[in-house]
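Across the two complexes that follow, subunit A remains constant while its partner is subunit B and subsequently subunit C.
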Partner chain A sequence: MKLTTSQWLGLSLLVGLMAFAVLGSVFTPYTVAQQDLNSVMTPPSLTHWLGTDHFGRSMLSRMAHAVGLSFALSLVCVLTSSLIGTAFGVWAVWGGKKVDNALSVAVNVLLALPGLVVVLLFAAIAPGSFLVLYLAISLVQWVEYFRVVRAITQNVIQSPARQSSQMMGFGRWYQFKRHIWPAISPSVFTLAAFGGANAILTMASLGFVSVGIQPPLAELGLMSVALFPYYSEAPWLLAQPLVVIALLILGFHLLAGKRA
Partner chain B sequence: MSVLLKLIDVAVYVGDRCLLAPISLELTQGQPLTILGKTGSGKSLLAQAIMGLLPTALRVSGEIHVYGKRMTCRERQQLWGRELVMLPQEPWHSLDPIMKCVDQVTEVYQCVKGQNKQDALRSAEEALYQVGLSHIGNKRPDELSGGMAQRLAIAAATAGGATVILADEPTKGLDVSRRDGIVRLLQSRSRFGSLLTITHDVTVARQLGGALLVMKDGHLVEKGETMVVLDSPQDDYTRALIAAEPSVWTDIAPHSQKHDTDDILVVDQLKVARGGRTLFDGLSFSIKQGDVIGVVGDSGCGKSTLGDALLHLVTPLSGRIARLNQAAKPHQWLKLYQDPPSAFSASVSLGQLLDDIIQLHDIDRTRVAPLMAKLSLPNGILERNCLAVSGGELQRFSILRALLLDPVFLFADEPTSRLDPITAKEVTTLLVSLASEAGCAVLLVSHDAALIRKTCHQVISL
Partner chain C sequence: MKTLLFKRALQLLTVVWGVGTLTFILMRSLPGDMAYRIAASRYGQDNVNAQAAQMVREELQLDQSAFVAYWHWLTDLLQFKLGDSLVSGMPVTETLQHMLGHSLLLALAGLMVSILIAVPVGLLCAWRGNPLDSIFMGLSSVIRALPVFVIGVLFILLFALHWRWFPVAGFGSFSHLVLPAFTLALSLAAVSNRVVRDSAKRAFSATFYQFSKVKGLPAWQTFRRHGIRNIAVPVVAFFGIQLVSMIEGIVMVESLFSWPGIGHGLAHAIFARDIPVIQGAALVMGVLFVFLNTLVDMLCLWIDPRGAKTE
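Presenting the complex of A and B:
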């Protein structure tokens, strides 16, 4: 797969943020919850490179952890939902009318509910659980893959090329590898990039309304809402999670490219 | 006789590469001009250059005069519909799929000629009557056959009263009977102006008469009166084109057919329907080992569906299809497709596809090279994918792929209808000779009755 310049830009942005998250969490001398009430809301300095928050916790450690958490969530969500969505999408076409109908009913039910509401529902049942957040977001996101993959696969299944491979005795895995995957992969990659961005946004939104990850863990949405009261005294603190969210989303969207 | 259209050294370039070498021609009133050549010889580029339809990446040089006046691209576009019109290659793509047929013609009278609604409708009905389509005015284009759609497209295109008609492959993919009808219609339409036809069909050129240009690879090969050129061609290429017409082929059906061979397939009282319409009923025949069976019939009569039914790709309504050759495995019943590129995965090289088959069925790798030589396939095509190879090469490659599997039955669904005549002849000859050499029965479907007559032992008419 050849990447365009803007896709390279998006990828390097994401890799840079990932490196910040990893290096930041490994090398920082301060833990996420370590308070120092003698130095609260300090501007960036040599001891605290990104300053400290209203409890005197190191912003660098917290930002690194928050970014790492966002990446981890978006990665597992994208992997799970793309795998499930693609598998079900192909199965719906290949498995015959009954399978297709059953899956379509399930998907229509999910589509009828606004995605964020479903996630909010799950998150409210078990606040602060990373696992539940992950399940809820994946549950919402696989539908998109399913619909796109199913539509494309329907054409490929009808194509003479696949029919000819089948007649020559090739098995289903080969037909998937040679015919279906090349047709769906560009769309799946694009969806995955947008999906990654959406997962991060969803988690941040839940953090913002305090049903997502719970304190004292650092999470971008949670940090935005916690630092919001101090926006006039310490604007550099509130800016950090906001800028990082924007950069993350920008990175994923650039990576998605122009192909739809 | 006035000169309607005159080209002086018109050439087409992309960047510095010449796609169409400088060509000069004159189109005079009442004297049709036909450009003959195979696909990719630059015929369509010339028509697009005349119309002013070329993509902006291409550059045109030379002068184009219309009615004795040199005109720029923009000025020629002003003449569209009223003076100058081009008939599209595939009528389906130029008709509105959701509009009633009569309305599509009415619009022309209304918008181009400025008639009011009632007059336009009356004119349109009259026009449809003239092309023999008065009964389909209320249908949509998808309910029409290829020939009807082409006639409708002609009616709509010429409704504006254009006298100079450019027809780009107007008979592509049409049955012989339909083709003759279209040619006659074009002739009558251009009676007061002139007709420039682009075709690869020698018969069409012969029917149109007038003057003829033969083109090859963007160059003019031969020029003259149609009858003179076709009866005593001077150039080798022209001769090859004429010899590729199925009606003048020598019989290529293999003679060495043994009479004591076994039946491999028996069809008894077969009835097949598609889309709720019964295509044929009570069809019975048997196929012997190594037979070449032709299937002819008008388009839409179920020729391809018959082959698909024999391969179990379509379930028949009733009747019996018995495969008697028990030793043959399912993958030895194969199909060759009409449109070669659509029958291959474009994601990997052809060589990879070949390797896949060799691996799957444990085929002796040394068989490939001699077979490729027989099919005159260059080694280089194995590194390319199916989109980077010409249609003829690709169809020969699919024959190669099929033969490697030692087929007992091959269903060739119009295998050459998308190829130009010279390549078509090559491919058909190779297919028939190699298949019978390998003892494989072939079911050959074609809309060209002459081709079937020359190649098959047994003909099924639907």
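Presenting the complex of A and C:
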């Protein structure tokens, strides 16, 4: 796959942040919840590279863990929703009218509510659960893949190339690989990049209204809320989660290349 | 038109069913005996004993099977019996009416401001071209990367705490509305100005547009007769797509600015596990979503009647 300059920029931004998350959480001497009330809200120094928060916890450890958590969530959400969405999208076209109708009913139910409201309702069932958050976000996101893949596959399935492939006796998997996947893959990648951004955004939003991941775990939205009261004493602390959220989303948007 | 309304009515039903089912699961999955919990919210925490719980259980038939309970739950919902809040004890419908007014005010103000930003900027970009175009498009890419609550926090820091032009949070006067509305508007406009620009560019370079200029119409008249309607169709359709982000934005903006609307109510109810209010707020949001979508569909049809035939 050929990437444009801005896509390279987005990719390197994301790789940089991921490296920060991995290296930060592996090499830091402090845990996420380790408090040191003798040194609260210290500015960045040699012992604490990014300073400490209002409980004297190392910001570097917390930021690294929070970014890692965001990446982990967006990765599993994108993988799950793209797999389900693509599989169902192809199946809806290939499986005949009955399958198509059944799937479109399911999709219409999901589309009837705004995504964040669905995720909020799920979060209400099990507050603070990463698993439920992941399931809810994937449930909301697979619909987009489904709709796009279904629309493109409908054209490909009618194409003479695919039909002659079938008549020559090639299996379904081969036909998918040879004819359908090349047609849908650019759209799936674009959707995946936007989906990654949206997953991170949703988790941060939930953290921000205190119904997502619960303390003492580090999460970007949660940290922005917790550090907000200290903005005048320690503006560099509040800036960290806000800047990182923006960078993460910008990275995914740049990687997506085409616009939404 | 008829098929359109029918589809939307069906969607409305699925909203009610979806919200009802999810909150029912939520109700069932809470730990503890439901009878005790309801008795506690009725008679106060100190007056709960086994006898009171048994009374509640018999009165509300709580020992019935899950299926029967689910059926009752849904029929209650269809009659708009939403119950009382578990926290404040107020009827949910009353609370919702109060919240809905505030949410609509915020949504309308946000939408208006976003249109006032996006349409002129988009048109200007399409009309003037580079370098103005690149500057504004780059700027909107950056703003698009900012989640709506980050924009809100920045606004609070700058305009409320640093310069003290507007109050930080709350409601009641016009100045309270400014920051939430602009936060919502900016996040919406950063996406929609691009749609306006693309749509305007397409119209400006279309052959019919060139022709009307060649035949001697002045620029303004060309724009008015041939531009506006053609540009408007994709833009209005996009506002329909953007309704999702608007409702999501409302949840965030209301929570951030303590604006007493549906989104704020929903987030608080989830935090307090106040199920009747969760159900009511989610229901109202879903219904609002469907209603606004219908409105956008009809508006599109009115601007471009050609769509009716292909439906």
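Criterion: the second predicted complex is superposed on the first by the 258 of 260 C-alpha atoms of A that agree within 3 Å, B and C clash if a C-alpha of one lies under 4 Å from a C-alpha of the other, contacts with A are read in each partner's own complex, and residues count from 1 in each chain.
In this text, contacts are C-beta pairs under 8 Å (C-beta built on N, C-alpha and C of every residue); 3 or more make two chains touch, one makes a residue touch a chain.
Given the structure is predicted, the values throughout are model-derived calculations rather than measurements.
A.B. asks: Return fit or clash for subunit B versus subunit C, each positioned on subunit A through the superposition.
C.D. replies: Once both complexes are aligned on subunit A, subunit B and subunit C fit side by side.
A.B. asks: Tell me the angle subtended at the Cα centre of subunit A by the Cα centres of subunit B and subunit C, rounded to the nearest 10 °.
C.D. replies: 90
A.B. asks: Of the two partner chains, subunit B (first) and subunit C (second), which one does A:A102 touch, if any: first, second, both, or neither?
C.D. replies: So A:A102 meets neither subunit B nor subunit C here.
A.B. asks: Have a look and say if subunit B or subunit C is in touch with more residues of subunit A.
C.D. replies: C
A.B. asks: In the overlay, answer first, second, both or neither for which of subunit B and subunit C A:P182 touches.
C.D. replies: Touch status of A:P182: first partner only.
A.B. asks: Just to be sure I read the superposition right, which of the two partners does A:A239 touch: subunit B = first, subunit C = second, or both, or neither?
C.D. replies: Neither: A:A239 stays clear of subunit B and subunit C.
A.B. asks: Between subunit B (first) and subunit C (second), which, if any, makes contact with A:L37: first, second, both or neither?
C.D. replies: A:L37 sits against neither subunit B nor subunit C.
A.B. asks: A:A161 contacts which: subunit B (first), subunit C (second), both, neither?
C.D. replies: A:A161 contacts subunit B only, not subunit C.
A.B. asks: Applying the document's definition of touch, where does A:Y174 land relative to subunit B and subunit C: first, second, both, or neither?
C.D. replies: first
A.B. asks: Quick check for you: in the superposed arrangement, does A:V117 touch first (subunit B), second (subunit C), both or neither?
C.D. replies: second
A.B. asks: Compute the least Cα distance separating subunit B from subunit C in the superposition and give it as a whole number of Å.
C.D. replies: 8
A.B. asks: Overlap of the subunit B and subunit C footprints on subunit A, residue-wise?
C.D. replies: Looking at subunit A, the two contact sets are disjoint.
A.B. asks: Under the touch definition given earlier, write down the residues of subunit A that touch subunit C in their complex.
C.D. replies: Touching subunit C from subunit A are residues 108-109, 111-118, 120-127, 201, 204-205, 208-211, 221, 224, 228, 231-232, 238, 242, 245-247, 249-250, 253, 259-260.
A.B. asks: Name, in rising order, each residue of subunit B that touches subunit A in their complex.
C.D. replies: Its residues touching subunit A are 311, 313, 329-331, 333-335, 337, 339, 342-348, 353, 356-357, 360-361, 398, 401, 405.
A.B. asks: Using the touch definition up top, name the residues of subunit C that touch subunit A in the complex.
C.D. replies: Spelled out, the residues of subunit C in touch with subunit A are 10-12, 14-15, 17-19, 22-23, 25-26, 29, 141-142, 144-147, 149-150, 153-154, 157, 161, 191, 194, 243-244, 247-248, 251-252, 255-256, 266-267, 270-271, 273, 278, 282, 285-286, 289-290.
A.B. asks: How about subunit A: which of its residues touch subunit B in the complex?
C.D. replies: The touching residues are 159-161, 163-165, 167-170, 174, 178-179, 181-182.
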